[in-house]
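Both of the next two complexes hold chain A, though its partner changes from chain B to chain C.
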Partner chain A sequence: MFGSGLALALFAGWYGFPRILYRSETQPLQFSHAVHAGEKAGMACGDCHVLDAAGRFHGIPGTAKCAECHSAPLGDSKEEKMLVDDYVTPSKELPWRVYSRQPDNAYFPHAAHVALAKIPCAECHGPYGQSEAPRVYEVNRITGYSRDIWGPNISGIASHPWEGMKMDRCVTCHATHGRRDGCIDCHK
Partner chain B sequence: MDSEHGKNARFGMVIDLDRCDGCGACMIACAVENNVPPGHASATERTGITWMRVAAVESGQEYPAADVAFVPMFCQQCENETPCISVCPQNAVEIDPATGIVGQIPQRCLGCRYCMTACPYHARYFNWRDPAWPEGMDRQLNPDVSPRMRGVAEKCNFCHGRLHAAKAKAAAKGSREIDPADYVPACVESCFQNAIVFGDLNDHESEVAKLARGADTFRFLSRLGSEPKVYFHSTRPWVKEMAESTLTRSKKENGHG
Partner chain C sequence: MPTHLTRRDILKLVGGSAVGFFFTPVPWKLLDDTSIWTQNWSKIPPLPRGERTTRYSACTLCPGGCAVRAQLVGPMPYSLRGVSGHPVSRGFLCAVGLAGHHMAFHPLRLASPVRVDGAGDEAKVVPISADAAMRMAAAKIREGNGSVALLDCQPGRAVSAYYEDLARMIENGLYVTAASREDSTLQALRSMIGEESAPLGFDFENTSMILSFGAPLLDGWGSPGRLERLLKGKPDRSVRFVQVEHRQSRTALQADLWVPVNPGGERALALSIAHVLLMERPGRRTSATTIADMASYKETVARYTPEAARAESGIEPALVRQVAEELSIAPASIVLSGPDAGGGPMERDTEYAVAGLNLLLGNVGKKGGVVFLHEMPGTAGRSHVVRDIRDVPDHSLNLLIIDPASSGYAVPWKSLERKLCPGTGMVVSLAATMDEIAAHADIVVPAPAPYESLQDVPTQTGASAATFGLSTPLLPADKRSVDPASFVAGVIRLAGFPLPVPQCDDLLKERGRMIHAERRGTIYQPADGSTVRVAELAQFDELWTKLAGAGVWVDDPKEQHEPAEASLGASMLQSRGGPRRADPGLLLIPYGYKRAVSGAAISPILSKLSQESALRPGAGTVALHPVTAALSGVVDAECVLLDTTNGTMKLAVRIDRSVRPGVAEAVAGPIGRHGADIMDLCDVREDGTWRMTNANVRKA
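Let's look at the complex of A and B:
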């Protein structure tokens, strides 16, 4: 009796709860990093994810960037045809979901981490730069934040070092680099 | 004092009250920069939010001696026993040792408003309601500053978002030292009279440090000993005297409801 109650509670907590808490959304296009940053297109991360001279990180590139090569289809994939017909030709932006998007009041500068500290992208984003296709985007129904902030494990224990980007992780890494930041350094 | 990440700064300002003509451009520039929404119809001087507020002060003398001064009043960035810091039960205000800026952390604020009572300069404001912008204006918000929610206090932080941007610009060039030209608060930039000078008081050669040491420079309510980092300049004796007295409150402020 107790065993089955416990099993039920665990099932509800570990399997059911995350499904109630998070809503899944798919990305608008099956974009492949493996194709673009790999041999086929041979691009560097910074070609699309630009850090400009003013220190601004431009994040996910706009349709204009894709149009440089995809003004007409290069191959015969369905996804590429969709890109050309639905976005490039009418010059519409793709409504990408950003996995790593922090709450609005958090301030994160790529410039300090990439240009000064020379931390590799993968240390924070995992092997996403080699991915074949975007994974499912999960959004917390209560806060509206991406699941990647908390991390995929509901206990909050990361099984890979790049999982989760809560304040705790920022501060822990800063501490190992001997930094002690004030609240307004990371909040805006 | 040097920190391991570059030299510590002490940002401060000198405002020339003999130049200020009370135009109010700084108030607008400040509100736009810091995502302060237009006041609600029922807002008063105390319930509205004006990080920067220009007050008109009269000398009280009869013509021909009658005179008026315009005083931009905002967070004076007190350095010693900072009143708002010492009363905050939440540790939601802290002084950044690297910049001397008194930072308000809305995430931590519980809305008790003790800091507003404690502030000798009436420089703190409270969000009585959630911020709201007229249709269209909400698309022009400054992405470097996050709007605050109902129930928290706020105040001037020397346009900290601009310091973030200046640091990121330096970082992109591989440097940890900001270029002073990249960090200019919105009020300073907008002042047509060039009445406000901003910079690092620790840098003895900077214009602001020289002016702060110069003649006819004073601070408001200096007798309290809170050591503000905002200085004022005027050659008019009555203005200097006024800086040591409490400003006369308007009828509206004293009234209830």
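Let's look at the complex of A and C:
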């Protein structure tokens, strides 16, 4: 019976717990990075995800950016019609769910990492630029943050560099590159 | 095989589960998530989400007009900072300005016009409409008893000229400014040289020596970035900077020489310096200006030998002669006085005594001295000598309307109250937040908060060239607030003076058109740091587009000439006999930090930076010299009662060796959100000053 209890707890903890902890949500639009960044549109990441002259990241682009090309539907897909009718025409922002959103008290400067350290986007965000559609957004019911912050593996063990965006990842990477930082470098 | 579960089996199952539980991520993940959950309680406001953009504007929290680079998420600004390379602010933005975008969300923000019935603790606040507020104010004008005054603490704006014109339309109408004016020396010089419409400035960049009587040059004076960049933290600076001040202020600490004058002894010191220049070192510095009242001036300063003035000024004669000698050999110099942000203005005769030194030294109309500026386009012939509230006779105002713009300096309620007709005088305060003056007003009308409306940024005090910029909105307009110019125009129209009600934008565009018509100067654009000559802009719309992008127009310098004739205000200097202070005992001296003298003017979130910092002692403390404290029988950090004839206040003692014995220094500003202000304890004298008040400290 001891073994059964042990097995039951391990099964519940490793298999059942993540399914209870995370709630799945869909993105407002099935946006294809592959279409935009691939040969069809041939756009670079920076065409929409603007880094200004000083390397500062300006966030997920607003609907105005989409409207530059999609002021009228390009094609007859349902998603295209939804983009134009529901967001571009009424100038309404898309309520994207951001996989990499950090707590407000954590300050992450893209300028220092992208412009200065020359770290490629995929190093932290993964091969997201090749996706056909946004992944299901899994939100932690307790914290309200994306599962991407902890990483897909409930054990917290990452199998790729872009898995997990917790503070230990920042600290480990900084230590690897010989950076010594104080609390207020990231926590304002 | 047994089919029934025994008690032992259940215990084993539970035991196995318990052991297994600790080999799952459940306890560790729940611990981590719970700690993050505590950061996301519903009462903690989250940052808005959306695209991040950068826009430019200018701070209007004080007349400094520092340029601002704002970062926004969607429509919401979340970060302000200075603009490096800006010709006016030179990248500077003070701690209060850094949080200027918080002010629209201040807990003391007014939501609707209110009428205050009764006084003191029994006062009742009744919401009224803006129209009702206008009608009540208009009725006061129609009564015809006493005068009507418009108080403008940021003169020089386009709306200021409009107020001035409105005040002229009304019989007994007055346009007045606050008593604490940074340009007091320039005001005095305008009167002395008889050119009231002459715009004047200080050529700090080309001067060799600055002698400042109390002006907080390194604590927010004028355009703060200008003097910070010129004087602060530069041991190899080419300018000799001497600060005359009764307390060891932050400016005094950073001066090359601090002259610790007795409180109220500045006039005697200025006259004793004049004595040395005229009587002991005549001809070292010559001026081409003919002084009309030189004979009577000499008669006055003859009495102020450094030895004779020592009792009043407290300064050793050798030091007086040293400063005078330095002034006389400096190729170019500037002598100025200025108010303290909390302690208020100096006496008018002191301002004249200080300003007159510039004429004696031939500083006026010279490079590196007091320089003439071109007229701001559209203001030709308009007098720059504007009376301040001190010049209004006591008990003469039936209606006082207060514009919401702040000078950054304290305005004690007592200094306004004594000007009102007893029992009938009405105060209408246009304010974004319920500040210390609004709390005493009869009617309070909510005004737009900073960054909610388009406003102009006029020439900063002492600038060596006229400037004009715009503070463009970063926040959507609050529909509950009322445009101050429209409100004042509405009141005057209801009082029977038909006039069109202007839009603030129209007033600003008119000034822009005048600048374009003059075709002088350059426009700097903060977005790319470029400059363009106005003469190269064919259409007004091109100029307006650049100004609307938070560009700033900087006028060309003017050719300088010394004034042909001037007066040194000898008759005013003769009027005072001996030292101002005669009473022995403890003296309460209030002081303050520009922009931080009112709790309603600071973002509450800035408390760590601006209200609790040991670098800036907060309101609620009184600083005493150890000897004074010992004589009063109090110790450091003890709670004491500070008594004056105006009341008693409980304060914490701070022992400070830099405080003069016999003096109690207290910083202006409310204690807590609704606490009392040290200004309430201060005497406002007949001359409109409140620098010194007799006081007593006792154990609480």
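What we mean here is this: the second predicted complex is superposed on the first by the 180 of 188 C-alpha atoms of A that agree within 3 Å, B and C clash if a C-alpha of one lies under 4 Å from a C-alpha of the other, contacts with A are read in each partner's own complex, and residues count from 1 in each chain.
The rule is simple: a residue touches a chain if its C-beta (ideal position, glycine included) is under 8 Å from a C-beta of that chain, and two chains touch if they have at least 3 such contacts.
Remember, it's a predicted structure, so these values are computed and weren't measured experimentally.
Following the superposition defined at the top, how do chain B and chain C come out on chain A, clash or fit?
When both complexes are placed onto chain A, chain B and chain C end up clashing with one another.
Please determine whether it is chain B or chain C that touches the greater number of chain A residues.
Partner touching more chain A residues in the overlay: C.
Tell me the contact category for A:Ser155 with respect to chain B and chain C: first, second, both or neither.
Only chain C; A:Ser155 stays clear of chain B.
With both complexes overlaid on chain A, does A:Gly55 touch chain B (first), chain C (second), both or neither?
first
If we overlay the two complexes on their shared chain A, which of chain B and chain C does A:Gly144 touch? Say first, second, both or neither.
The second partner, chain C, only.
Which partner chains sit in contact with A:Asp104 here, chain B, chain C, both or neither? Use first/second/both/neither.
Both chain B and chain C are touched by A:Asp104.
Answer with first, second, both or neither: which of chain B and chain C does A:His187 touch in the superposed model?
first
Quick one: is A:Arg179 in contact with chain B, with chain C, with both, or with neither? Answer first, second, both or neither.
first
For the superposed three-chain arrangement, which chain C stretch in 351-359, 567-575 or 657-665 runs into chain B?
So the stretch of chain C colliding with chain B after superposition is 657-665.
Intersection of chain A residues contacting chain B with those contacting chain C?
Residues 52, 56, 104-105 of chain A touch both chain B and chain C.
Quick check: in the complex, which residue numbers of chain C touch chain A?
Going through chain C, the ones touching chain A are 9-10, 12-21, 23-26, 29-30, 32-34, 36-37, 39-40, 46-47, 49-54, 73-74.
Given the complex with chain B, which residues does chain A contribute to the contact?
Residue positions touching the partner: 51-56, 104-105, 107, 109, 111-112, 115-116, 178-179, 182-185, 187-188.
Which residues of chain A touch chain C in the complex?
Checking each residue of chain A against chain C gives 1-10, 12-14, 17, 21, 52, 56-62, 64-65, 93, 98, 101, 103-105, 140, 142-145, 150, 154-156.
Show which residues of chain B lie in contact with chain A when the two form their complex.
Going through chain B, the ones touching chain A are 4-5, 94, 96-98, 101, 103, 105-108, 144-147, 157, 160-161, 164-165, 167-174, 176.
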